[in-house]
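Since the structure comes first, as structure tokens, the remarks are kept for the end.
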Amino acid sequence: MEKIPVGILGATGMVGQWFVKLLAHHPWFEVTALAASARSAGKTYAEATTWVIPGEPPEAVQGMVIEACDPHLPCRLVFSALPGAEAGPIEEAFAAAGYVVSSNASSHRYDPDVPLLIPEVNPDHLGLIEVQRRRRRWQGFIVTCANCSTTQLVLALEPLRRAFGIRAISVVTMQALSGAGYPGVPGLSILGNVIPYIPGEEEKLEREPKKIWGVLQGEEIAEAELAISAHCHRVATRDGHLEAVSVALEREAALEEVIAALEDFRSLPQELELPSAPARPIVVRKEPDRPQPRRDREEGGGMSVVVGRVRACPVLDWKLELLGHNTVRGAAGGAILNAELLLAQGYLG
Amino acid sequence: MEKIPVGILGATGMVGQWFVKLLAHHPWFEVTALAASARSAGKTYAEATTWVIPGEPPEAVQGMVIEACDPHLPCRLVFSALPGAEAGPIEEAFAAAGYVVSSNASSHRYDPDVPLLIPEVNPDHLGLIEVQRRRRRWQGFIVTCANCSTTQLVLALEPLRRAFGIRAISVVTMQALSGAGYPGVPGLSILGNVIPYIPGEEEKLEREPKKIWGVLQGEEIAEAELAISAHCHRVATRDGHLEAVSVALEREAALEEVIAALEDFRSLPQELELPSAPARPIVVRKEPDRPQPRRDREEGGGMSVVVGRVRACPVLDWKLELLGHNTVRGAAGGAILNAELLLAQGYLG
Amino acid sequence: MEKIPVGILGATGMVGQWFVKLLAHHPWFEVTALAASARSAGKTYAEATTWVIPGEPPEAVQGMVIEACDPHLPCRLVFSALPGAEAGPIEEAFAAAGYVVSSNASSHRYDPDVPLLIPEVNPDHLGLIEVQRRRRRWQGFIVTCANCSTTQLVLALEPLRRAFGIRAISVVTMQALSGAGYPGVPGLSILGNVIPYIPGEEEKLEREPKKIWGVLQGEEIAEAELAISAHCHRVATRDGHLEAVSVALEREAALEEVIAALEDFRSLPQELELPSAPARPIVVRKEPDRPQPRRDREEGGGMSVVVGRVRACPVLDWKLELLGHNTVRGAAGGAILNAELLLAQGYLG
Amino acid sequence: MEKIPVGILGATGMVGQWFVKLLAHHPWFEVTALAASARSAGKTYAEATTWVIPGEPPEAVQGMVIEACDPHLPCRLVFSALPGAEAGPIEEAFAAAGYVVSSNASSHRYDPDVPLLIPEVNPDHLGLIEVQRRRRRWQGFIVTCANCSTTQLVLALEPLRRAFGIRAISVVTMQALSGAGYPGVPGLSILGNVIPYIPGEEEKLEREPKKIWGVLQGEEIAEAELAISAHCHRVATRDGHLEAVSVALEREAALEEVIAALEDFRSLPQELELPSAPARPIVVRKEPDRPQPRRDREEGGGMSVVVGRVRACPVLDWKLELLGHNTVRGAAGGAILNAELLLAQGYLG
């Protein structure tokens, strides 16, 4: 199969670097365009980029010249790692010009005609694409992935929702520094400390699951009805968001049933054998002290969510710990998986 | 007033060091005896101790010779910082021999005739002392303080319980390294990491508040009825446990009422002006990103609890963050405040 | 004695905050003016400042209105915590207008007529003030303090220089995050890491001691002749620069002589009993594993240098570890001590 | 080629785990025996081991039963990761019984008839094996690898020694937590701190290079004559020792010559294409702020040394920073490379 040429918008930032890294040896996609702000345009990728993620930048991109974020890139599909403030109009311009945009930005997440997609959870929301194109008279379209802390929460709880229904979720996050981008949180602020606040994060975490778990009715998503409460914290870890979760179910379940639901969970990306889909979307650890950010974030190449300490909750029904790699599954890897689903379902036709 | 001679059991360990430090200039108490394990007995304090807490060891104790933990110490009151496995019988021997024991160990916390005391919360539980002495035919008696994470939770929520009643608490802790003693958690395990498990901690946190908030009926404590769920984590902070708390109240309250209840809270130790009682047991911060362990743990000399981010909870009723100094209010300082209450109430007569 | 009104230039930054904190209860000086960039001018100190240093900002300054850095402040003496790029002309304007400027900035450190002052080391360099005023036709004048890592190195080695002469110094620094200001080094860069490079730092450390140890001959400083080699590193500590030093002496010395010289060192600030002068400028620790940044940086209120591990060096003559509080002795505290010396010597006339 | 059966002594500790990990897919060796202390013997590897190094333990070893450290293991070659206190007599017993022992322990490093081997540096010291066997009347023999901080220092400076001669070395180390084993340094001791002392480390670093660089004359190593001074520090990094080095050469060199010597260095392991030999034993980085422990330790699979910041030294001749992976090249990987050299040179015949 000839590879599909793809571009990266915002290629020099931290999430852009993850796109570059994860796409370097992708079996379906080939990076043919790197775009960034006017300040970087015209420079080579090596010149314009302070590489901050693990490993070295792939040789193949080092000499590529960065272009402006205008919809004249030599590709059909673009991944967007643009900062929230700029992503909105740029992504729209690309979609209008016929590009397929797989975005990691938050700008269009809540648009009623834009899918907020986790391939294992709501692949049927791709039905919105037709609505989006028609309403906006676009050749292309936009698909978004959820906030990092949302993605891993919703993915890990999806089997419980399917099997038993979910009434309420209380989630406390301990989020890694990379979630704030680069330079992000000053070393002086976080060394030997925890910061119990991440601007806008609790709102996203309380809102996004309702859309993702909503039902596509005609041209609209009817939001799921459940209560979600989030406390978000920044801790001194590099990658990997840890979440302490209590959940109330609609139907009674036994502990073994809960664990079996988590462990046995497979979904459309696994059936389709999408290249970035982890064999096991949810890995359940039995040790009492797992998951841990530094030890478990690489599970499934950073695309699995690791769950541990499943036990009864005296206030809601069940409690557990879950961990996801925030810059892989929670950002670039998630957007790539979305694009793989689009291709497999014929949307890149 | 002549100072009351006091001893410290387990004086060489980390909590023992905090007793030494906090008692060095105490207006009522004077350290006249230091006791520890057989391995240390006979050495000077300077020889036997690897000082690991902030600051330098007080000059006055450096030359004192450490004694065995036998009930022949030259004092009437002893503070116990003994490890859980050894504390039980030693504390009993001291109480039987007529000593007043103010303990930080967990051995006797759940004995039905031993007060589990937070002076701002349940000073009337001192009524158990008479029962304890009679039943056990002891001249002295034992009073215990609660687990560090319990103490700050119960103290911070006490004004809400008084004003509105508490139905349920969901608490997620991010606990400091000092809570594990010394050497405690290996650097290799915690650097850039979070460990989502502290052995025995969740059980303590779900159990102790029910006794502390219980009602003394005749010779027994009738445990409080409420649901408590705890998730406990170790994070890379030195001192200061942070807790993300959601709470369901029995009666409706407005946000201003909740905050006012917290801010206005004063209790018996403040009225009695006990030396270690903070002027404000609960300090409410209004900034969006407080309390933080490194910045707020010293509030009230480490004896206040700092609360922040009070807001509505979509699952229970209210959520907030609270922080306490685990080795001061949550350990040595708490036991000293207990002893001060005993003295003020005539129990050291 | 009536207190002398002083101003702080660059009062909102990290070093500015240290000036505010250290001057809050100063026996000789009283802060009557706070100045900062145009962006902050007109706001109260509380509004304009993100307080990042330990403790809370002093109540007294919170409501003070910040002024522009123009030489119309209600004081005679100003402390400058201005960033290097801006300090030069502003400090000159103040000095020309008659203000005494005690600066922590590097702009004028190497001017031949500006003292680069460490009161224990080269108080006689104040003789340059007369030269400076005459040459520049200024009413006021500028005095500077050295770079943080220089100050503690030169102060610690001064007794060895006096007693035995110094031929060469090899110094490797492990410098705290606060040395880079705020926000400074990103958490992502330094967590679990060491950065073996601090822009400009090695040049300062190899150059400044030669001026400080130079001899005032007529109107000029004849630089000291010695070889200095520096390797500078940023490590994950908050405050306190650690330096591993090897030194070659001009005259032979015995270990006890070296240690005695360090321990017995007292100088003019101690004789004059300047308020910020530590009783012991150099504290020698005998434990094998000291000094440590977190445990020793507060020595002498952050104004002492702590030395340990003095031993023979197989390559040069002696080696030792030394530690100083970079934002106290190495910045704000150093500039305050300079001003105290000026006052005591009649330069604030 | 049929794989050679090998055993691991001290297989459950941290270095033992690295042997297990690095040998899991080795092309020449196959682990057929795991041995450890009496406490572990009889248990499976999974039961006896708290896996603390990155990644998961290889499936193949999990069910293997641990044996006692007696010389009855089903293999001819054993790798020793035994603690120093126990290694001496056990390794001797194995060598006496005919085993080849490739040791990471320090017990026999300084024995005059035991090679202290770095394959790129002194492969000719294998000539001592014959001496050792004859003198001790052993069928087998012992080969040791150097201390972690020594190995990377000597390897990095070897091309300079060959090209220009070395008169003196001043080295300051910033060593990772893993160098102290597990549990090693308490989190409380190292968080936000540097410890300027590692027991015994400076002695090793000042002594071992002289033997490694010594000349095999007849039956003895004539130690190299040069001056070495070491200051050793523990810092809050996980893996990767950083060393700031100044070096005095015997012959003059230009900067380009120094860099070329480092970059062009290849030695016997590269010629023999030993499986664990990195293609480039020394990697020179040109960026001003490299090498960094977290970013550069994996270079060459952890078997290369990374050098940066090569520049003139005002006190000695040249200065540079160098970094090595202490538990790979500096421990298990080094001992494996030693064994590969033994095999290639016919010593396992």
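Per-chain residue numbering starts at 1, and chain names A, B, C and D are given in the order in which the chains are listed.
The rule is simple: a contact is a pair of C-beta atoms (placed from the backbone, for glycine too) under 8 Å apart; a residue touches a chain by one contact, two chains touch by 3 or more.
As the structure is a computational prediction, the values presented were derived from the model and not from experiment.
*Asks:* From chain B, count the fewest steps through touching chains until chain C is reached.
*Replies:* Tracing touching chains, the least step count from chain B to chain C comes to 1.
*Asks:* Farthest from chain A by Cα centre, which chain is it? Let me know.
*Replies:* If we average the C-alpha coordinates per chain, C ends up farthest from chain A.
*Asks:* Counting C-beta pairs in contact, which chain pair has more, A-D or B-D?
*Replies:* Between the chain pairs A-D and B-D, B-D carries more contacts.
*Asks:* Report, in whole Å, the distance between the mean C-alpha point of chain B and the mean C-alpha point of chain D.
*Replies:* Result: the chain centres lie 48 Å from each other.
*Asks:* Indicate the whole-number Å distance between the mean C-alpha point of chain C and the mean C-alpha point of chain D.
*Replies:* 42
*Asks:* Express in whole angstrom the distance between the two chain centres, defined as the mean CA positions of chain A and chain D.
*Replies:* Whole-Å distance between the two chain centres: 42.
*Asks:* Could you list which residues of chain B touch at least two other chains?
*Replies:* 191-192, 236-238, 295
*Asks:* Please output the residues of chain B touching chain C within their complex, sorted ascending.
*Replies:* Against chain C, the touching part of chain B is residues 54, 191-192, 295.
*Asks:* What residues on chain B touch chain D, complex-wise?
*Replies:* Chain B residues touching chain D: 52, 177-178, 182-192, 236-238.
*Asks:* Under the definition above, what is the set of chain A residues touching chain B in their complex?
*Replies:* 168-170, 172, 174, 192-197, 199, 206, 227-229, 231, 233, 235-238, 242, 244, 246, 248, 288-295, 308-309, 313-316, 319, 321
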